[in-house]
Each structure stands twice: as structure tokens, then as C-alpha cells.
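Let me begin by presenting the structure, written as C-alpha cells, before commenting on it.
Letters A, B, C and D mark the chains as written, and numbering starts fresh at 1 in each.
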Amino acid sequence: MSKENSQIKENCKMSKKQVMAEIIRHTSLSDGIFDMTLKAEEIAKEAKAGQFISVYLNNKSKILPRPISICGIDKEAGTLRIVYRTVGDGTKELSDYKEGEMVKILGPLGNGFTQKDKKAILIGGGIGIPPMLELMKQLDCDKTAVLGYRDSDMFLKDEFEAVGDVVISTEDGSFGTKGNVIDAIKEQGVEGSIIYACGPTPMLRGIKAYAEEMGIEAQISMEERMACGIGACLACVCKSKDVDSHSHVHNKRVCKDGPVFDAREVEL
Amino acid sequence: MSKENSQIKENCKMSKKQVMAEIIRHTSLSDGIFDMTLKAEEIAKEAKAGQFISVYLNNKSKILPRPISICGIDKEAGTLRIVYRTVGDGTKELSDYKEGEMVKILGPLGNGFTQKDKKAILIGGGIGIPPMLELMKQLDCDKTAVLGYRDSDMFLKDEFEAVGDVVISTEDGSFGTKGNVIDAIKEQGVEGSIIYACGPTPMLRGIKAYAEEMGIEAQISMEERMACGIGACLACVCKSKDVDSHSHVHNKRVCKDGPVFDAREVEL
Amino acid sequence: MNLSVDIAGVTMKNPVTTGSGTFGSGEEFSEFVDLSKLGAVTTKGVANVPWPGNSVPRVAEVYGGMLNAIGLQNPGIDVFVERDIPYLKKAGATIIVNVCGKSEKDYLEVVERLADQPVDLLEINVSCPNVKEGGIAFGQDPKALYDITKAVKAKAKQPIIMKLSPNVTDITEMAKAAVDAGSDALSLINTLTGMKIDIERRDFVLANKTGGMSGPAIKPVAVRMVYQVANAVDVPIIGMGGISTAEDALEFIMAGATAVSVGTANFINPATTLEVVDGIKTYMERHQINDINELIGCVK
Amino acid sequence: MNLSVDIAGVTMKNPVTTGSGTFGSGEEFSEFVDLSKLGAVTTKGVANVPWPGNSVPRVAEVYGGMLNAIGLQNPGIDVFVERDIPYLKKAGATIIVNVCGKSEKDYLEVVERLADQPVDLLEINVSCPNVKEGGIAFGQDPKALYDITKAVKAKAKQPIIMKLSPNVTDITEMAKAAVDAGSDALSLINTLTGMKIDIERRDFVLANKTGGMSGPAIKPVAVRMVYQVANAVDVPIIGMGGISTAEDALEFIMAGATAVSVGTANFINPATTLEVVDGIKTYMERHQINDINELIGCVK
């Protein structure tokens, strides 16, 4: 993967842009979950599934960008779609922005998933579900999405079902397998030879263990607090097995070396 | 005047409010001069000619209010009108606000003009013209407005003419008397036994001298940098002839003891 | 639910007071805030005689905050005792009088004059960056701070709270000097010295050139210093610097402040103080905390 | 129009460089900024050996700024000399290398290793608040600062710029110590030490508890210190702290800075540096100023 990864990086080179993007569509998908489409041709043109953008707030007291994964790319329309949960003041402010307003974004950022032509399991947990949708659409092979929700409020489920097989877990057991995504995989006999995943750290930890057990590759998308978003400030590191290319100290940068890592590469 | 002044203060007591006011109307009157009408019933109810409001910006990096004089009061409609010039980042931001948006304001602030039943000369210079309009409307006696403009771009002139006599000076001589407001008073033989005025300090200085020469009262509206706007922080002082009531040190507070002062009271 | 806290034997009914100099002696804010509902009113600094303060402009706006160089304009202790104390007393306020001076003698005169007054606590401002003589000189040298504290403590009839300057290398050294000399509590922080230049006029914005920076922008420095001091000395701390919400106040309390002051935020919203009190209550309800004292210094 | 300035004999083609640690070694920003058009690139601090830095979270947002506690993660001087210097050289950049260490020996190793390198200036970071040993200890005590400066100056083949900490009582005392010991220029300010507490988790936001505050919020403190230092010593100053526009940069220049660094603002807009250069040009045109040097320290 590292060869391909560095190739992706090469391709990305000279491709990041900071633009003012118009909010084309902004709706609520579910309680506290928002769906925003942005007009950003230059970024949409370059974007890959699994990459993210930095979203800047209009509130001038909040200077740092919010990293948000790309949930959908429409290269023809020149739009990007993001789906986010309001967790703090920044995302709450974002949720107040109206269609027609402009928002500053930087992207596309990070490496994105490296698509392999192998029977795929796409796993999303909670707000880690949206980043899997574009990959689900793009993968041209046998694929099953395993989506872990809290309860039966299953945002985006329909859209996954429109492009492939979907297996569900809910924490409260109100739909699909009661439990987590690994429970669902086991209970519903999902099989594949590669995993692509995004979700909370405990879930990723479970997936890493599961992939090791099954002896298959798992590409997992990680999160960390960021400042620059482009690999310069060293804020967003995670522990890696190998020495990293930047500082040679086993610290990979989530924003640049990731957010997608081979599960074997990183400590969780 | 000081007895009346303290009576005004008494009346104002318990009447200031901080509210979110809707922008009902927002237009440009002339190059860099904006006209904004705000829905603010509680403030409009109490407001007097010559008072001002503190306008807070939505930009959270700018925490101090902008003091802006009240140019019009419509107690029935519950609206206030302000007219302002864009001079810095704050007023520039304000000028971008759209009708329908909300803006935080505090008011009514300051003492306002003390209306006397005497033949009146109302003098406004530049952006000191708008604060005279409401007084011009309210004064129920013989009155002449003397308005000093830079050039023939004479914003609000019509509105003054609709309620009384108007005499004009322009710096470039393109209309009325070439020169300043005192030149206009002299050239056009304006007479009165009280002056009410608002404008730049050099103009106020001229008026103070003129009023002394003529032996008539002049109420002048002053400006100074403010923080609280309500008399507590002692930011906005001007030098006064008498010891002030607050600190007994010849420093009157523009926001609370003013902005309108008897010209004899203050040093300019 | 208990919101009351104890500062050197004085009970504040809740932990919220006002930043000296941002609230006058309360009167101007009384239309927005019931003064008796505050933990205390901390007054603008008062000296032995009236001070005219600095030339204007005295304030400037900076990113997320402001600079002030009021220069401690005040009516002097005589007017203050005649007018402001009775006013606050009548309003039912717990009273913290902020005392300023240019020399030890100045401070002592004020403190002695307040001895028989119905004042609850004395806050001694040795950290005003905006007056040439005195003030901050006492607040930036541990030896000088020790001496002035000792002298004030010897004369004071009320508990004293030395108010510390953040413009120092090691705030704990200053805190220890004040406490060693008998300070019953500490207030921090006063303003950070700053400057703003008007590039169009090519001149300083403030007549005084420099001013004290306050407001939301300085909060992280203030929280850090409160934390450091709380872990270095054993007296109650009144924390301040950029507090404009209950969340801000709780940060200070968790860092180790027993009470907090709301300063510059009063200029943004004159009802901030009581909104902070309400917000603290809401937080405690939500987290089922019965006594605010449980939160003091809970983050280690 | 002349935009070039002189720092200890090195010509910067314009007065704008980058705040160490906010720009890597330039590569990540090369898609946004032509590095050869900057006055200089100031690199992230480099030590004698690779440093892993602190635990995450390493950054937190604060009002008008941010806290960081990266802890000087860096690849060490070997990788730096092999990879970063050639990269910058090829990009046509004027190079200021920021040097960090935990002991005098660490600093000297790096400085000696750079002796034969095509590096223009050395910026010596003795003011990082985020590493336990060394760093800031040198930057908060004039005697220690004097000694380290003297030692570095004796070994350095390039002019040296001591980078000062704002977390001190008297910045001019520190500046004088550095200049007396031979510092050819000074950089200021590094970050102000701050803290943020997450009141929901009741814990520090940063793994390191405290972090260095940077961004627009700290500008007034930085301008004040640059002004004080410019009026206390006679070497060129690289001013920084919250610069995000040409207007900000001009404030520092008028206060006495010969050059300026753009730090945190690079995270808000990666093209800030060159936009600042353009804005300075526009200002000079509008005011008919032919030489930027006329503006340096013009406000007294």
C-alpha cells in the first residue's frame, strides 16, 4: 500500500485549494446530523473517496478549521457533500448556515482510501458512516456495507442500499444485529477480503483485531485534533508501527499520511 | 441646564435595554453613508432626540460596541433609525448586514438634547447631520437647520427641508455658502437664541466661540471612544469646566453626562 | 444546591463578582442586574485622593478583547465613603473595595479610612499597568509585593486580597510572596500589557501608548495562572480574565478559583454576571452537583 | 519601491518570513506559496536527534487563537540536513533554521552541524513552553540566556537570532542579555503559556496540560514587546505574534521590527505570507513610501 499511497500523494500534489464555497443544499438528516452540499468545482475535481476538507467558520473568534470527511463527490456538478454531527460550538454554528451563504473550505486533504479490486467490506460506525458512502458508490466489485447505528434512526441507509448490499447493527437492537459492527459481520456472515472502515476508535480497534484474525487488509480512517490540515504543524499525529517519513519517530500525521491507514501500520 | 439634565437622567433611569433588533430597512444614502432602521420597541419608546445607541457586531472578534446617534424615532412603529458612515472595519461590517438580519443594540444612551422654547439654530456637520434630524422634527418653534457638507452630495437635506428652514454650506462651494457652517450662518444671516449642534470637533470649537460671542446657549454633542456606554468604565471622558459629579476631577463622561453638553461646560 | 463560597471568612452567596473598574460602584449596572444577587460587587479602584486618570483615547479594541488605559480615574476615598458605600449597602450588595495607590502611604490611608466602613473585603490593586508611579511596580517584584502586603495587612480591618499582575515570569513566586506576607486571598489576573498602533495615522491608538489587555482573548493565560497559583498556595483565589459565560467561569473554578470576576464582558452584555450565575446553576443541575465547592480545583 | 531589509548582513527580499513550527520546512506550503518569494522561510525547530514530541491532543482552539503543545517533534539534524535544506535551497528560499535543544550541548551540536550548510541565519529557540527540560528555562532567566547565547555565538558560522519568550516580567532585560552576549538579531514573541479545561470531561484539553498560545489574540502583547525591545537594544528584530494581515505586519514594523513572521495565520489561510507581502506593497504605494526601511520603528 505504501507505494500506492505515495502515488496518491504525488497525484494530490498541487491540487489542494482554499476556496469560498457556496452552500447549495443544507438539510437535517436526523437529530443533530446535517447534510451539506457545497459548490467547489476545483476541489470536487480532485477529490477522492476517504479524503476530507477543512471547514472554516465565519465566527472570527474560532480560527481553526473543522476537518470533515467528504461524503459525496459530484465532479460534473462541481459539488461536494459533507454530513456532520453537531458536537460543539463550531459544528453548531455550521448547522445555522443557510443555503446561499458562503463558507471557506480547504481541500481535498489527506490520502483517501486505496481502492482494491477485492471483495470488500465497508464499515461505518455512527458519524463514521458518511465517509464510506462515496467509496461504496465508486467501488466496482463485490461489496457489502456494514453500518453501525445507535438506534433505528438510520441516516443514509437508503443511499447505501441503492448501490450495494447493506448489513446493519444497532446498539439498542432495534434493527439488524444488536451490538456493534463486528457482531453484525459475524452474525450475518459478511465475508470479504478487504475492509475499509471509519468510526470511533474502539470500533477501529475491534476491526484491526478482526482483520488480523482473518488475515485480511483493513484500511481505517482515523481522527485527531488538527491545526494546519496539510502536514506542516505536527498537531495530528498517531502512533505508527514504522518510523514515519516526516520525523522518523513513529508518529504519522493523520491529516497528510492519513486519515486512512493500513490498520497494521498504526497503534490504536 | 444642569437641573434639567439631571431630570433627564432621572427619567432615563431603568429605561436602557439591550435587545436583538431586526433590521427593517437598510439602504445607502450616499457614498459610504448608510441608513438603517431597526425594530426595537422598548428602546424606541424611551428614546429622545440626541441620544445614541450602542451597536454590537456579529463578528465575535470585535467585542466593543459602536456608538451611533439616533437619527429618527418612530414610537408607533417601534423603530429607530440610524445613519452612519463607514470609517473602519466595524462600520464596514455593519454596512454588509442585510434587511431581516438581527443586530444587538443597547439604548437609549446618554442625555439627549434639552429642548427649549426658543428660536433655534440646529447645526450639523458631516456625519453630525443625522443626529439633528429628529430634533428638527420635534422642536415646535422657530427653527433653522444649518447643514455643513463636503460637496453637493447632500444626504438628508430633503428631510430637513420638509420640516423647516434649511441653510447649507459646502466645503467646495458647490452649493450654498462656500465654507463651514459658521460662514453659512453669517453669510445667510441665520439668527436664533439657542444652538443645538453635532459635528467634528473643530466645528464644535467654532460654535462654542460663536455662541459665546453672541451670548447664547449652545448644546453640542460630543464623541469619544467608549467601552461600556453607560458611565461605568470612565473610558469616554472629556474635559469639563466644573468638577464632574462622578470623580470630581473635571472629567465628564460623554456616554452618560453627555453626549450633549452645554458648550460652556466643556473644553474642546 | 449550594452556590455559596467562602473567601477569607466572608460568605459570597454565589461565586460571581465583578472585575474592578468594569462595573463602577454598581449603580450604572443596577438597571440590568440586581446587585444583591451577585456574590459581591468589586468596585473600581479608589485612592486616597481623587485621580484624574489618563488622557483620551483611553480604550482601544483588539482581536477578542480590548486595551484600556483609564489610569485609575477615581473620586478619592472621601466621596467613595460618602456616596458609593452607602449606595452599595442599600442595594444589599456584598462589598469588595478595590484599593489603589502610588505609594505605600496612599494605600494605607485608604485602608485605614475603610476600617470602620461596612465593607466586606479589600482587594489591593498592585498590578495596574496604566499609571506611571506605583501600582504595577509593587506587583512585579516579589520583595516589593511582600512589603506592601505586610504593611496593608497590618492596618486592614477587613481581610485583604492582593490582586496580581500577569506580567511576570513566575506568578507562583508573586503569589507566595503575597501569602507569606499575610494576604488572606488572591485575585488574578489583572490585565496583560499591550499596545495598538494606528498604521494610518502612524501613531499609538492610546494616548498612554500601552494599555491593559482584557476580554476573552486573555482567558487561557488567566486559567493557566489560576491553576499554577492554586497549586502553589493555600488561600482562596478570585479568578478572572476573559470570563463571559458560565462555561468560562467553570473553567476557572475547576482550575482552582473559589470565586470569579466578570470584567470586560459587562461591556458586551451588562447582564453577564447574573447570566453566569444562572449558567453555573444549570451546569450543576445537569451534572448533579450539589455544592459548588466540589468543583473548586477539581482538575489536577 | 524597496521592500528588502537587512537582518545581520543577510538580505531578505521582503520583510516577511514564517513563524517556526507553523510552516514545516516549507514543502507542505509550496502548493500555496512560491517559497522563493518570501523574505525567508523559518523552519520548524530542529534538535540534534529526532524528538517524538508530546502526546495528543496537541492543539486546542481558544478565543481568537490556539494553544499548541507539539513538544518540538522533529526529525533531528541529520535528516534535516539531508532532506530539508536541499529542498529549501532548490526552492530558492532564504533559509532561517530554528534550533532547539534540551541542554547547551544539544544546541551546540546542531549549530556546529549547520556550519557548512547553505543556511542564512540561525534562530535559537530558548522559549518553547512545551518541553519539560531546557528550552524555556534558558528563555526566562537573563543569566542563563546570556550564557547560552554566548556559547552558541562562539560556535555559529551564521548570524544568530535569539528567540525570546513573552512569559517574562521584563522583556527588555532578556533582550539586553541576549544582545550583550552577541546575538546578532532577536525574534519575538514565542507563545504565551496558556491552559484550557474541558468542563464536560473535567480535564485539561491538552495532554500536556498547558500549551503555547498564538494567533490574533496575542498580537497586542507582541507589539508592545517589540516596541519595548526596539527601544532598548540596537539589533534588528523579527516581530511576530498574531500577524495575519499586512496591517498587522505594519504595526510590528512601525513598532520597530525589521522583519515579521506569519505563524498561526498560515493555518487559517495557507497563502497568508504572500498576501501580507502584497498588502505591504499596496500600503506603501498608497502612502508613497519608497523604502520599507522608512517605516521601521517610525512610531515613537
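Simple rule for what comes next: contacts are C-beta pairs under 8 Å (C-beta built on N, C-alpha and C of every residue); 3 or more make two chains touch, one makes a residue touch a chain.
The UniProt protein names, listed by chain, are A, B = Dihydroorotate dehydrogenase B (NAD(+)), electron transfer subunit; C, D = Dihydroorotate dehydrogenase.
As the structure is a computational prediction, the values presented were derived from the model and not from experiment.
**Q** Among the chains, which is located farthest from subunit D (Dihydroorotate dehydrogenase) on the basis of C-alpha centroids?
**A** Chain B.
**Q** Comparing the two chain pairs, does A-B have more C-beta contacts than A-D, or is it the other way round?
**A** Higher contact count goes to A-D.
**Q** Go ahead and note the Å separation of the Cα centroids belonging to subunit A and subunit C (Dihydroorotate dehydrogenase).
**A** Each chain reduced to its C-alpha mean, subunit A and subunit C (Dihydroorotate dehydrogenase) end up 47 Å apart.
**Q** In whole angstrom, what separates the CA-based centres of subunit A and subunit D (Dihydroorotate dehydrogenase)?
**A** 35
**Q** Per the centroid of Cα atoms for each chain, what is the distance between subunit C (Dihydroorotate dehydrogenase) and subunit D (Dihydroorotate dehydrogenase), given in Å?
**A** Inter-chain centre distance comes to 34 Å.
**Q** What whole-number Å value describes the gap between the mean CA coordinates of subunit A and subunit B?
**A** Once rounded, the distance between the two centres reads 56 Å.
**Q** Enumerate the residues of subunit D (Dihydroorotate dehydrogenase) that touch no fewer than two other chains.
**A** 63-65, 216
**Q** Can you list every residue of subunit B that touches 2 or more other chains, as numbers and ranges?
**A** Counting only residues that touch two or more other chains, subunit B contributes 60-62.
**Q** Can you list the residues on subunit B that touch subunit A in the complex?
**A** Those residues of subunit B that touch subunit A are 59-62.
**Q** Looking at the complex, which residues from subunit C (Dihydroorotate dehydrogenase) come into contact with subunit B?
**A** So the residues of subunit C (Dihydroorotate dehydrogenase) in touch with subunit B come to 21-24, 28-29, 31-32, 44, 50-53, 56-61, 63-66, 68, 70, 73-76, 79, 215-216, 264, 266-271.
**Q** Note which residues of subunit A are touching subunit D (Dihydroorotate dehydrogenase) in the complex, please.
**A** 13-16, 18, 56, 60-65, 90, 106, 224-238, 246-251, 256
**Q** Can you list the subunit C (Dihydroorotate dehydrogenase) residues touching subunit D (Dihydroorotate dehydrogenase) in their complex?
**A** Listed in rising order, the residues of subunit C (Dihydroorotate dehydrogenase) that touch subunit D (Dihydroorotate dehydrogenase) are 62-65, 67, 140, 167-170, 192-197, 199, 202-204, 209-210, 213, 216-221, 223-224, 227, 242, 247, 250-251, 254-255, 283, 298-299.
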